[in-house]
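Order of writing sets the chain letters: A, B, C and D. Residues in each chain are counted from 1.
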Amino acid sequence: MTDIARLVSEIAQEMRGAAERGTVASYIPPLAAIDPGRFGLCVTLADGSVHLAGDADEPFSIQSVSKVFALTQALGKVGDSLWRRVGREPSGTPFNSIVQLEREEGVPRNPFINAGAIVVCDVNLAGHEPRVSIGELLRFVRHLADDESIAIDEAVARAEQTTGFRNIALANYMKAFGNLTHAPELTLGVYFHQCAIAMSCRQLAAAGRFLMHGGSSQPGAPRVVSAQRARRINALMLTCGHYDASGDFAFRVGLPGKSGVGGGILAIAPGQASIAVWSPGLNANGNSLLGTLALERLTEATGWSIFAA
Amino acid sequence: MTDIARLVSEIAQEMRGAAERGTVASYIPPLAAIDPGRFGLCVTLADGSVHLAGDADEPFSIQSVSKVFALTQALGKVGDSLWRRVGREPSGTPFNSIVQLEREEGVPRNPFINAGAIVVCDVNLAGHEPRVSIGELLRFVRHLADDESIAIDEAVARAEQTTGFRNIALANYMKAFGNLTHAPELTLGVYFHQCAIAMSCRQLAAAGRFLMHGGSSQPGAPRVVSAQRARRINALMLTCGHYDASGDFAFRVGLPGKSGVGGGILAIAPGQASIAVWSPGLNANGNSLLGTLALERLTEATGWSIFAA
Amino acid sequence: MTDIARLVSEIAQEMRGAAERGTVASYIPPLAAIDPGRFGLCVTLADGSVHLAGDADEPFSIQSVSKVFALTQALGKVGDSLWRRVGREPSGTPFNSIVQLEREEGVPRNPFINAGAIVVCDVNLAGHEPRVSIGELLRFVRHLADDESIAIDEAVARAEQTTGFRNIALANYMKAFGNLTHAPELTLGVYFHQCAIAMSCRQLAAAGRFLMHGGSSQPGAPRVVSAQRARRINALMLTCGHYDASGDFAFRVGLPGKSGVGGGILAIAPGQASIAVWSPGLNANGNSLLGTLALERLTEATGWSIFAA
Amino acid sequence: MTDIARLVSEIAQEMRGAAERGTVASYIPPLAAIDPGRFGLCVTLADGSVHLAGDADEPFSIQSVSKVFALTQALGKVGDSLWRRVGREPSGTPFNSIVQLEREEGVPRNPFINAGAIVVCDVNLAGHEPRVSIGELLRFVRHLADDESIAIDEAVARAEQTTGFRNIALANYMKAFGNLTHAPELTLGVYFHQCAIAMSCRQLAAAGRFLMHGGSSQPGAPRVVSAQRARRINALMLTCGHYDASGDFAFRVGLPGKSGVGGGILAIAPGQASIAVWSPGLNANGNSLLGTLALERLTEATGWSIFAA
């Protein structure tokens, strides 16, 4: 334990000094304004101990990491019938690509690319008012993290809505194929707010515990999902969680993970740890540059890898 | 142990009676002639015990499963410089697609699609005579399996060569981009022979042990590869081992695996088992229908999953 | 002349009896309700004589044929600078494909596919109210046809707006690349109304005269466009006027033409005739089945072909 | 006439002094060695008069211009059944793209992209020895041009064969789909030699006369092809003759034309002229930069355009 504490601290130290930090997302002003020098890391171990370093208590825009929670929620609502509307394969194309949708007639490749996440929102909306649906997801995330202070950054949500032409295109395109049940602007309203959830590394690692513990936030606690579903969400994070760099993340880090354009990554070492890292600068694939590097250091040092003997 | 033995036997029993068996590959006569009723399963446990059922001692054409061994060999020769010529991402397209090669200028997406495996052969050829290179790979596989009787099925190799127009296209296309160093026909000679290696489930599971044991065929034995390399090969198998159904295999089976068009699959439960299954009928994605189902049964019953707590 | 009159009448006769009539567009109710048995043909000769047969005075939804008039209008406003925002090449993909837009970063291949026509609308809108822009185009078409009775079918316009998800996707996608200057919904408002212009064959052939006469609606009349511009619009109709069947239309009919999903086609024999045909049933490429056949008959009999000696 | 003579001379003068000359093809040494300063122009009028300027009597490698003659020959052998194996649509992709072949299952989009021309060679080969087939095409071209001195540049043919990996890929890929009847290497032998035909502008313009005169090399002479077939070949040249810049050539020049990577272009003004131009420097689309510009000047000055009144 002490070792983990020291390791977390050393990694934060190393990352703080890194010269090459990637490029902060600039498509909306609230993200563009983030200081690229921020770095946070939180490791929650299976024994419940929490190890923090850097800006681990600073909330940031979790963006696409929210897709993990929205997927979990949708599976709870409709179960495996979800897979009639979304695939489970890596896309082989960038996160916001529309090409695949044309070839595969409006069915997105997986729930972690934008198009797939929009379908997931459409499932979660299920006849509610968008605000009700957003509230429901927010309550779910607060419950997972056991933290009522988690909130949506309204400035981010508004900015997403104003500039999200590409996501509007994706939603309308799927609607044209009959793969949205609500009006695209309603479904997108949910989607844009979901992306704008703000969490700290501490909160994010806490929210991910149910994937470490086979479905429960702590051993013995009531199940959030079944053990099988927890395994399967982990599998989807491994194969699809880093867009068109998922293979590389599996190769280098060796853990299921989900990244967001805000610079956050949630990674799961089943049975061992739930990890959240944040560094706003992105690499060419849109994943946190130092966040990935920090996870690589951490798994090298701890030996955590789902591919290890 | 006894439990595993009974489980292996029960699964083989269930599969023997299955009505829907998929479609046997028909592009070459030696494969088309295989009885779709065949089924073999071998589970080699970490303790060295071997559990067999059905036609587990019958050699079959391992086809693309050979790509795992050829990749291991190439990494031994050139290390990480291999990744300058081959990617590490799922392709999002069928195993023999050429579209991606045009878009990405002759660099195949990963070593487990045909184009990538041809580049791996080109690396392994490295100035030798094709026959020398093939001999080297065969010796390596015999060493891994600890079985000198493993051989190449020359009838299959000849048939591949006669009808392999699509692979000839892939090789020449990459040559046009400068990503083959030898004459395409020489590299292809190695590739076609490699695909024609014949092994039984027992032999295949034995050959896969180094991926279960973190790089050694048995605990304490000299390393075949480093622990890191074993992890990374497992990661590649997970993300890319089943062509455009790799995500589905990870979702359902939850283990790194590599399939071949001959109906074989090698799957690895790190630290626990090396598993080979054979059923010649294929599903729509070109992977063994009953082989996949058998592995799903096996992992459900044993709880083996790299995604489990 | 008399010969042309007889020929027009004979062709209409033959088409009236045709058993195979294609499939009427069904994506909006007002189009789906059209009787597939309708057929109209109008040939306006260079000498000003007009030859009609069948339902040539029945207004129908000209749909994409309107793209010719909108393009002419946009070239009048911004000249060749239009080509910085739209290409001039056949697309090699269906009329509503979005794939090409991703590959070529929001610049549509030509002004006659939907995406290109939306950019043309954006140019024509140029800071006006949508209703003003639509009024301007309508006045232009009335002027070309010398017929003040031409109108927009509001039921069609409303239906397009309600179901046009794919066009909404195209517009937002181009907006994301910065290739729309107005809000997508404003530009689309113009686009959907433009598609809903209703004209008879007689009116359409009259409106096309300026392309037959090198830029003037009749010899000696004030120019609508320069001779060079008339030639170039004809060239674009030839290479791009029938979506992904433009090559086939050039091969079989041999004249510049533009088709619409309402079943209308405008074809130009430079120096000789402006021809409009209407038959609501479409072929697999979305072009009028009998309309194309009628034009083939007509050009075979008259020898009109831009490719003839 | 005198006017044409002067015009041809003036254009050659202007082109001789042009600073920006494009880039000479460099994929084989015999082409790379060509002086970019060369320029030839020949206009053969309908009255039989011939107007030359610059290097119009210098033979150059006609490369893809040969596809016009090979297509004419194949249509003579198998007629419209050819279109079961090759399409008639612009490709929307570069001349040597393989993507379209995968999407459309081995059927090339038109006979003027490389894949389509290889199928045409396969048709012309028709069970003969390659050398016999090549001899037949050469005799046909000599007959069209009425010039027995036309020959194949063997150094070019050999160089094509040595470096033509991309064409080898295309041929094998189509073979995999069953769209080649001969062994790929035999069909390619014909193809590489056909591309290596060397002709001067004078010879090329002479060979193109049958397309100006509706099927006969001169009025009253026996037909090479029917008037309908001549029209249709012109239509194919217009829509597909300049690869993915065919629309632009139609827009700027307004005549059916076929370009080659050797810098030659054959253009036809039906009923008026057969034109050959040669300037080795290519533009970004692989078409002669100054050749296209010279044709633009010529058609502006003469008013020749198939799109004019």
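One rule holds for everything that comes next: contacts are C-beta pairs under 8 Å (C-beta built on N, C-alpha and C of every residue); 3 or more make two chains touch, one makes a residue touch a chain.
Just so it is clear, the model here is predicted, and its values are computed rather than measured.
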In contact with subunit A as well as subunit C, sorted by label, we have none
Here the gap between subunit C and subunit D, centre to centre from mean Cα coordinates and rounded to Å, is 32
Separation of the C-alpha centres, subunit B versus subunit D, in whole Å, is 47
Per the C-alpha means, the centres of subunit B and subunit C lie apart by a whole-Å value of 55
Contact graph of the chains (line, ring, star, complete, other): ring
Those chain pairs meeting the touch criterion are A-B, A-C, B-D, C-D
Per the touch rule, the subunit C residues reaching subunit A in their complex are 97-99, 101-103, 165-166, 168-173, 175-176, 184
So, in the complex, the side of subunit B touching subunit A is made of residues 87-93, 100, 109-110, 212-214, 227, 230-232, 234-236, 238-240, 244-248, 250-251, 254, 256, 270-271, 305-309
